[in-house]
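Chain naming follows the written order as A, B, C and D, and within any one chain the residues start at number 1.
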Amino acid sequence: MAKSKYEYVKNFETEKKLLPNCWIVVRIDGRAFHQFSTKHKFKKPNDENALALMNRAASVVMDEFKDILLSYGQSDEYSFVIRKDTTLYNRRGPKIMTYINSLFSTSYVYYWSHYFKETRLKYPPAFDARIILYPTDENLRDYLSWRQADCHINNLYNTTFWALVLKGGLTNTEAEKRLCGTLSSDKNEILFSEFNTNYNNEPIMYRKGTILIRKRIKNPEHGKMRQVILPLHEDMIQDNFWQKHSEILAIKS
Amino acid sequence: MAKSKYEYVKNFETEKKLLPNCWIVVRIDGRAFHQFSTKHKFKKPNDENALALMNRAASVVMDEFKDILLSYGQSDEYSFVIRKDTTLYNRRGPKIMTYINSLFSTSYVYYWSHYFKETRLKYPPAFDARIILYPTDENLRDYLSWRQADCHINNLYNTTFWALVLKGGLTNTEAEKRLCGTLSSDKNEILFSEFNTNYNNEPIMYRKGTILIRKRIKNPEHGKMRQVILPLHEDMIQDNFWQKHSEILAIKS
Amino acid sequence: MAKSKYEYVKNFETEKKLLPNCWIVVRIDGRAFHQFSTKHKFKKPNDENALALMNRAASVVMDEFKDILLSYGQSDEYSFVIRKDTTLYNRRGPKIMTYINSLFSTSYVYYWSHYFKETRLKYPPAFDARIILYPTDENLRDYLSWRQADCHINNLYNTTFWALVLKGGLTNTEAEKRLCGTLSSDKNEILFSEFNTNYNNEPIMYRKGTILIRKRIKNPEHGKMRQVILPLHEDMIQDNFWQKHSEILAIKS
Amino acid sequence: MAKSKYEYVKNFETEKKLLPNCWIVVRIDGRAFHQFSTKHKFKKPNDENALALMNRAASVVMDEFKDILLSYGQSDEYSFVIRKDTTLYNRRGPKIMTYINSLFSTSYVYYWSHYFKETRLKYPPAFDARIILYPTDENLRDYLSWRQADCHINNLYNTTFWALVLKGGLTNTEAEKRLCGTLSSDKNEILFSEFNTNYNNEPIMYRKGTILIRKRIKNPEHGKMRQVILPLHEDMIQDNFWQKHSEILAIKS
């Protein structure tokens, strides 16, 4: 049973390294989460526990992979931004991508019951992952702006849609039809005039998603500094965020 | 908050398709499972429950992805063989690889308590994945032979090592030293003469690993045919296996 | 002027190896050869010298790269088939592709005056190259059939088109219009009834393109065997060709 | 002879696009040019005509591909720097690389007799090409510094080596031995004390290589502006060059 006779098959494996000096983004995304959220009775338009669980899973990933500088999550997706000078797994893309995705996935199941005390997890969910390179800080910021703008657009739509359905008594199809072709301003108006809702007063986590960054904070008891993973719900599209947290992009490449 | 302004960042995503008409193998592998098995007190040299859990997770994956024709698992790794003519996710490698890996990972956690009733899962484990193409049936068979030969070599070593430690009273270091440079025949001899163990009588799942294939079987009650995922512990290195299950390689490419 | 300080930039080079055990095809193709052929007054529909020059350039390439088993050329393109077990340049695709393309290109210019005694080369032409993997003999044969069918279709069209223009007195636009939507049988009929031309009697090099293979032949003088590159104008679509030259696909992979 | 039956083979072609917003460098390199230079009696250590021919071939390439901003050549290699925002051939790397390489190659043969009036080209040479991405201006500058430092190191070595051989009467092997382990300062000293040569007075094209850039200049006759390709032999390692020609890196990405 000579193993060596067969070992030539290892040569069929490819091992492409990621281009150096580029920001690395791994984005994970829930598979068929529309159905998953229905089966597990997620609250509409946003389920606070479901989002908290996503954030928890992302925190586990950040705890494990110190080269992740920032993570951003909304809905059933999470993006992990890895330092451009990382040497993690020798910059082998598939290795980085699959470990992050797997750990996020297992953490989601592992911590399910902490966030859903009443609802049993009916089946194991799955997430896919992709890995993307961004050469410049501007490209990276635009990526994050893209995801945060996506969060806003979807959340405004969903908030209005579910107001029409849950409070307005429309069927799903009627609500869809009503919103077809509407602008943001139209949706804001519907919410305000028909449901007495000022969209800007909706919970900021729903409107902006969740940013996880590392910060060194002082322990209030003994005064020692330690690093924590801090959840933020700020606007990353404006410069202000990046000035306030200037250490994120401060890496010398 | 114009999303379109940022959407150019999508162009940085690459979308390489796998070469057509090649066998696709996705192999997943536990991260730091030596430590994981210690922390969770896996029995040595083999933990029946741990292996059964791996098999269960692999079955979930096969249930979901019908284009997986055969899976092979041993220790903390599992290989999934996908039909060479699959059009799954348009043959996008990262998509195929990350979904399979994620679903395996979540299933492992989801079904943990079915197999470990006494031992709580202490932390979420992680698996990496790689994807490999094999152009010919011979290459694919050699791949599977390679993994099964690997299973044999490791299991013979581990069986002897743990006999020396658990029954022979050696320390880990002493056992390692004793086995250093030994041939298979030496290990067989140690097991036989010192521990009255005929290696060939050790459980076949430990010696051969687990092969999962699909078979149509008749329901004993109502006689209807249905497809099941069948675990086998056979020798894939010999021709006999492939003649017996000739449908696996019978795909017309 | 420390070189070492800058050498890190080498890490930005990627070095992907071609999947083992696949047929490798490099196809080169003339850039803007429609214009090139006009400027150099190539005879229409086929210029014997231009094709002979292409064949010569391909022969230089085959002389240099012994792992090319067969080449096939038609019009301004040439395909080179490299043994599936080649270790040429460690199977680095770009290296293989660019050397073949460059040597073909320089040979085309180098031998120009041998084939065009009256027409000076007005400017240096260019060829692009691509590299393609085919896992099975059947895929490779289908590739070559595809190119030879393409040769046939284009040549039948061009032969009819230029008969209409050169002998029939139509303008290019009129000839195009006349042929629009016609089937092969229509074109054969036009040639036969209007120009007394039986397409099947047209020179076979024009109808089938040129296949270059290696053959060992006996020197008629001293009787010693030596290897030559033999030009053939046969039908590669039929099995007959592959039976007759069975050594081409006979490589054990 | 249905072409469509075979067209599926096109799906085996891959078409990877280069990452956006990165500098693209194509470097071509002579194949076996040591032998080529000997066969064609190139003067040692530098053959002015051979270098002028390289520069001419590179100029043809720059004339054709307007997105090349700068080229740098030394010895038998040439690097072409393409704008980071190019959409040339839809950023398909192999297409860009093979066209540039082919046109350089054919131009080298085409213009041979302009530079070598006495020496017939004995056989067609070949060049390989590679394509490399650099995310930042700094990386690109370091790449060019690397090549220019390489030029310096090789030229100092070659100048000293050939002085020892041609003027000092040493055999090649003796000269090699003499130079083994020497520093730059040692070689400068040999040149100065033994051959009365101040290396810094050697022709600057040999010491720095050739940079080709585009400049708009005024026609001295009619005063109209036009773009020309300008050869420079300056130091690209210092900031001064980049300040003087600040338009090169001025592209807004």
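One rule holds for everything that comes next: a residue touches a chain if its C-beta (ideal position, glycine included) is under 8 Å from a C-beta of that chain, and two chains touch if they have at least 3 such contacts.
Everything quoted here is computed from the prediction, not taken from an experiment.
Participant: Please work out which of A-C and A-D is bridged by more C-beta pairs in contact, and write that pair.
Facilitator: Per the contact counts, A-D leads.
Participant: Pick same or different for copies chain C and chain D, depending on whether their interface residues overlap by over half.
Facilitator: Same-residue interface.
Participant: How many angstrom between the C-alpha centroids of chain D and chain A?
Facilitator: So the centroids are 46 Å from each other.
Participant: Suppose each chain is reduced to the average of its Cα coordinates; what separation in Å results between chain C and chain D?
Facilitator: It comes to 31 Å between the two C-alpha centres.
Participant: Using CA atom averages as chain centres, what separation in Å is found between chain A and chain C?
Facilitator: Averaging C-alpha atoms per chain gives centres 51 Å apart.
Participant: Name the residues of chain A that each touch 2 or more other chains.
Facilitator: In chain A, 8, 12, 19-21, 133, 139 touch at least two other chains.
Participant: Looking only at which chains touch which, which shape fits best: line, ring, star, complete or other?
Facilitator: Basically all the chains touch each other, so complete.
Participant: In the complex formed with chain A, which residues of chain D make contact?
Facilitator: Touching chain A from chain D are residues 19-22, 133, 135-136, 138-139, 253.
Participant: Which of the residues in chain D end up touching chain C in this complex?
Facilitator: Where chain D meets chain C, its residues are 1-3, 5-10, 12-13, 28, 31, 60, 64, 94-95, 97-99, 101-103, 105-111, 121, 123-134, 139, 142-143, 145-146, 149-150, 152-153, 184, 237.
Participant: Enumerate the contact residues on chain A facing chain C in the complex.
Facilitator: For chain A paired with chain C, touching residues are 8, 11-12, 14, 16-17, 19-21.
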